[in-house]
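One chain, subunit A, appears in both complexes that follow, with subunit B as partner in the first and subunit C in the second.
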Partner chain A sequence: MESQGMKKITSVWIITILMLFVVSIVLGILMRLNQGGVIQEQTLTFYSNLTTHGLTMIGIWFVAGMMAVNYLMQRYVRTSFAVNLTALIFTVIGVLLLWLSTFAGKFNAAWTFLYPLPFKDFGASSWATTLFLISLAVFGIGWFIWCISLMANILKKYSLAEAFAWQHLRKEHKTDTPPFILITTVTLIGIITCLIAAVIIIVLFFAEMLSQGRFVNDALLMKNLTYFFGHTIANEMLYLGLAVIYELFAEVSGRPKWKTTWYVSLAWNCSLVFILTAFFHHLYMDFVQPEGLQIVGQLASYLASLPAAGVTVFSVFIAVYRTKIKWSLTNVLFFMGIAGWVIGGLGAVIDATITNNVVLHNTLWVPAHFHTYNAMGNVLFSLAFFYWFSTQSLENIRLSTAAKGLLVTLLIGGIGFLLAFYIGGSDSVPRRYSNYPASLKEAKPLALMGASFAIVYLIAILSFFYNISRRCLKILFASA
Partner chain B sequence: MLQHELLILFLILAGIATIVFVYVFLSSWRLKEEGGGMKKPLKKRFWFSLILVVVLGIFATATLPRSPYFQYAHESPAKVIHVDAMQFMFYMSEHAIDPKLPVSENIELPANQMVEFRVTSLDVNHGFGIYDSAMHLITQVQAMPGYVNRLRYTFKKPGTYHVLCLEYCGMGHPVMETSFVVK
Partner chain C sequence: MFKNIVCFCLAFGACLQLLAQTKVSALDEESNIYHRVFDAPLTESVSGQKGFLSQQYERKPLILALVYTRCTGICSPFLLQLKDDILFNLRDSSFRVVVLSFDPRDSKADMNSLQKRFGLEGNSQWLFATTDSIRSLNTSIGFAPVWDSLRKQYNHEALLVGINSGGYITKKLIGMRSSHDLEKMVTSIHNVFSPSYRLPGSSTLFSCFNYDPKSGRSTPGLGLLFVGLPAGLALLIVILLRLMVRKQTPAVPDK
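Moving on, here comes the complex of A and B:
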């Protein structure tokens, strides 16, 4: 079961994540206010903030999923406190180095730092690119050790075939693999794969940097590697959230625990294949990419929705439909998060259709759909875990009127802020513009609309931050 | 515009999804005693998944052949335009552009005839996004150093078309634009 040390470190993770989340939201609001013409940031400041916002968000919601999975995994296998602490230290150092490179060094190549932009004169200090790459390496080392350690812990108890729940594909089997272990295995394998891609990117960057012109990278290969890493980690962090839902949803609802069946096993094994090949949809507009890979991109993007909808979402429907459930803030947040994930997925599938991508690629449609399944999906999964974790020892946690008000505020803020992105995308407004040209008439009012609703969303998040952090501080300073 | 139709499609699908989620939630929330859950869930799951497979299959079959890589694949363009992108401008010419001394020309293209843009970059990745006179994005391709992307398109309406950069390329990204005329 969960040790006292693990409870304390999980509390530190949660407080750290929520603090960084609030800062990142503020950066996002400042960007939208600048685009709306309300404030005037220097262009360099805008793009370094964009870089900080994107990478911090990806980083914190990735570690939010990892630390939740690590905490719950102790129910099945022993996990290492030392490795968890190492990951925390590496993450904090990584964030500090990243922020130093962006806030002080003005590194501004966005989270994609698409080769060869960091090598060209782009306004940053001369040391900023090196520091930025070092910060990524620090994240990578900490997270890689964490993933390998958790995977090794699983494999001490389950064989690889059992961890993938392959025995469930046969009619008769002696051992059962809990869905939590299956999903965590599939997700960790995906994360380890994309972290290896990240290592290759960093090595290739440094190789060119140190070769003084003797070695030059291939732009298409670097783009493929970048999106393989970025797309995969952004999706795997959602899957970490789903592992938590498979473990906790039934439990907090007062229902029997979910079990692995043949179709759950099949769906999650297929998910691994689809998620590792769907990233090609980021390169549709690179016509030199082999056509076969472009088709794989669309098919994998479509197919990825099948196990998600047919198994996970439908399982949630079965668990809830005409079933008496003990509703609390935890399972309501899980349920709302699933809805946000589905709706974001619809926007993603529309964009992943090549003929649509021609008019949507790199418009505001892109931040629209990924903010939907992050801000209204993955964030809610993690908030649900944070809330459940911080209230574990409390009895009779019901959905209070204040909690209902909080959810409504979150919904209003989230929907309004996302709609501004979707409408902007359909109006052909490009993403990543610090200021909009006058010819794009709808862009500024939409940016203002987005900023206003994002402030409402922030108010709801601040309330979560206050309540959850207060309880986590109590856990942190409680005597054993 | 396709993008407006896609927004409507998205809003309809998102609306249906919301209704389903609210309906399922209320079916539990309003229960006073055990309601018996979903009847024949495996059968319903099968049909739900099958419908999804069919719908996605139809979408894939209908859209993949119309992908830009296959359009005009066996036709010859009426005009070829060379495009070299560079922080933070586009060079466009009917002749091959010298990367050491790039120069741009005023471009006039024929309406209702297929033209080809040969797009590359002299430094970082850029996006070559073509907007019509009402500032609706009509087509695009990436400009990548070391590669030439060939974008083929037939302009139906005469007028001034604008080009915006659609890949973040540095601080001057939002001011990187040019235009050409279709007659």
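Moving on, here comes the complex of A and C:
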């Protein structure tokens, strides 16, 4: 059962994440306003804001998934409060160091910090790159310990084969693996893998920095490793959200709990393999990468997304189709989030197809699709969990008119914000431009449109922030 | 004890910070790319006519070579190779070559005799010149010759800078390079995309692929191991974890 300590620390996580989320959205809106020509940020400020926004967003929605999974995992195995607290401390220190490197040091190499950008002198302070890498190392250590601890907790109770739900591939089996445990296992292994890739990148960066020119990195190796880490973690954090859905959707809807079947087991086992090789699609433009790996990238991109999406959508569809559902803010957010995840996923698969990538590469199509499955996918999964967590003790939470209004505001804001990216992308407007040249006529108005709708989205998020944080504060200060 | 370890780690980290260099010399060729070149005033060596660099690149894209006449080192072989490549290999008149002295001691006459020595006096594609604003030009192209007062020579790189007709630096080549590299520079000053990749040198230990320029084939390199390593290590960690925790009984019973 969920311990009091775990409830309190989960409350702290939620409040911290929502606060950082609001700041990061404001940075995003400022970027869009700058691209629209309404405000004039210095180029260096734009790029350090881009870096802060990207990495903070990835960081907070990753830990949001982790802490939700950690909280729910107590239903099956005991988890460590101390490790959870350590991860929180490391995350907070990591964010402080990251922000110091970007806001004060003006580190500006974007969240992917692609080699050799961190070594290029665009006006950042000389210490900014080192501090940025240290901040990554701090995140990495905290999260690695967390993943290992959760994995060990699972393996105390389940054998490896059980954790992967392999027994479900046979007709007869004695034990059941809950889908939550299966998805969490698959995801944690993926995260451990990409965190190891991150360690290798950081070591290679430091090796070059400290060798005074005696050791130089191979740009292709660095790019492969960077996307191994970046692409994988960005996808695994979605899977954490899905684990939460598998655990809670049926429960909050008043339906029987979802069970692992052979196809659920097969789909998630496939996802583990394919998600680790899909990152090759980030290297389509790298002519020195052999063609075979490009093809692996395209195939893995399809195969990583289709099985997991297929079984999840199928399960949700079965759960809601022609059945009486107890709709609350929690399951509506889950439902909307799945729609966002699938739509964004389709956008991603379109981009991951080599012939399309020739046109869409590095256009606004890229932020369009990943913002869809993040801002209107994963964020909604986590908001649903936050809401469910903060209202657990309250009976009969129903969809009020105010809640419906809030959802509509979120939808309008989110869709408008994303549409501006999609239209820009299909018009070949490049991504990561601080100012658009006059020749891209539609880029500025689209940026303004994006900023306006993002403000509507922000209003909805502020309302969530207020309501959820208020209840979390109560949990935090409640006596045991 | 714990406090000591933390203090040690912090002190060690601070020392590393002092040692760390965040600007890497191997990236010199990439510095100042797509920056505007300084519009230096030029004095032509033959006619003594005065003008600006912009008047040259606005007419045709430029290749700018930096030399000085008293050089006992790289400048002559460098210029000779450039001349051979352009006159006999490329045979392309879609650009101009400006050979500029970066030594303030060089006069118009010095540059004129250099031009004569290389047999380029009557060649309209080539322009030898001096400037009185070499510092600003050097800063704009990321060129930093260092005066060695003992040898009375400059320590400098053999630098070619490609400049398009908008005055932007599109490519830099350092050292004596093949005509293939020069071709790439010519395409870049005409604003054609030219794929470029830093060639692995002896200090690049972990290349993903080793390219053999003779056969044109790539073979897997040591770096590829690093790409496979994370998955292998993760698997190992999970198996070890299971072996370590197996003996313990479950803390929470089945639901």
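Going forward, the second predicted complex is superposed on the first by the 479 of 480 C-alpha atoms of A that agree within 3 Å, B and C clash if a C-alpha of one lies under 4 Å from a C-alpha of the other, contacts with A are read in each partner's own complex, and residues count from 1 in each chain.
Note that contacts are C-beta pairs under 8 Å (C-beta built on N, C-alpha and C of every residue); 3 or more make two chains touch, one makes a residue touch a chain.
Note that this is a predicted model, so its numbers are computed, not measured.
With subunit A as the common reference, the superposed partners subunit B and subunit C clash.
Once the two complexes are laid over each other on the shared chain, residue contacts for A:466 go to neither subunit B nor subunit C.
Contact with subunit B, but none with subunit C, is seen for A:325 once the two complexes are overlaid on the shared chain. When both complexes are overlaid on chain A, the residue A:363 reaches subunit B alone and has no touch with subunit C.
Looking at the shared chain after the overlay, A:288 reaches both subunit B and subunit C. Within the superposed three-chain model, A:152 lies in touch with subunit C and out of touch with subunit B [touch as defined at top]. Once chain A of one complex is fitted onto chain A of the other, the partner contacts of A:116 extend to both subunit B and subunit C.
Legend: residue contacts after superposition of the two complexes on their common chain; A:219 is shown touching both subunit B and subunit C.
With chain A used to align the two structures, subunit B clashes with subunit C at 166-174, while the other stretches in 112-120, 166-174, 202-210 or 238-246 stay clear. The residues of subunit A shared by its contacts with subunit B and with subunit C are 116, 120, 218-220, 287-288. Residues 13, 16-17, 19-27, 30-31, 195, 197-198, 200-201, 203-209, 211, 218, 221, 223-224, 226-227, 229-231, 233-235, 237-239, 241-242, 244-246, 248, 250-252, 255 of subunit C touch subunit A in their complex. On the subunit A side of its complex with subunit C, the touching residues are 74-78, 116, 118-121, 126-130, 134, 148, 151-153, 155-157, 159-160, 189, 192-194, 196-197, 200, 204, 206, 208-221, 224-225, 228, 276, 287-290. Across the complex, subunit A meets subunit B through its residues 43-44, 47, 108-110, 112, 114-117, 120, 122-123, 218-220, 223, 263, 285-288, 291, 294-295, 298-299, 302-303, 305-306, 309-311, 314, 317-318, 320-325, 327, 335, 338-339, 342-343, 346-347, 349-350, 353-356, 358-363, 365, 422-423, 425-428, 430, 432-437, 439-441.
Listed in rising order, the residues of subunit B touching subunit A in the complex are 1-4, 6-7, 9-10, 13-14, 17-18, 20-21, 24-25, 27-29, 31, 33-38, 41, 44-45, 48-49, 52-53, 56, 59-60, 63-64, 66-70, 87, 123-125, 127, 129, 131, 135-142, 144-151, 162, 164-171, 173-175, 177.
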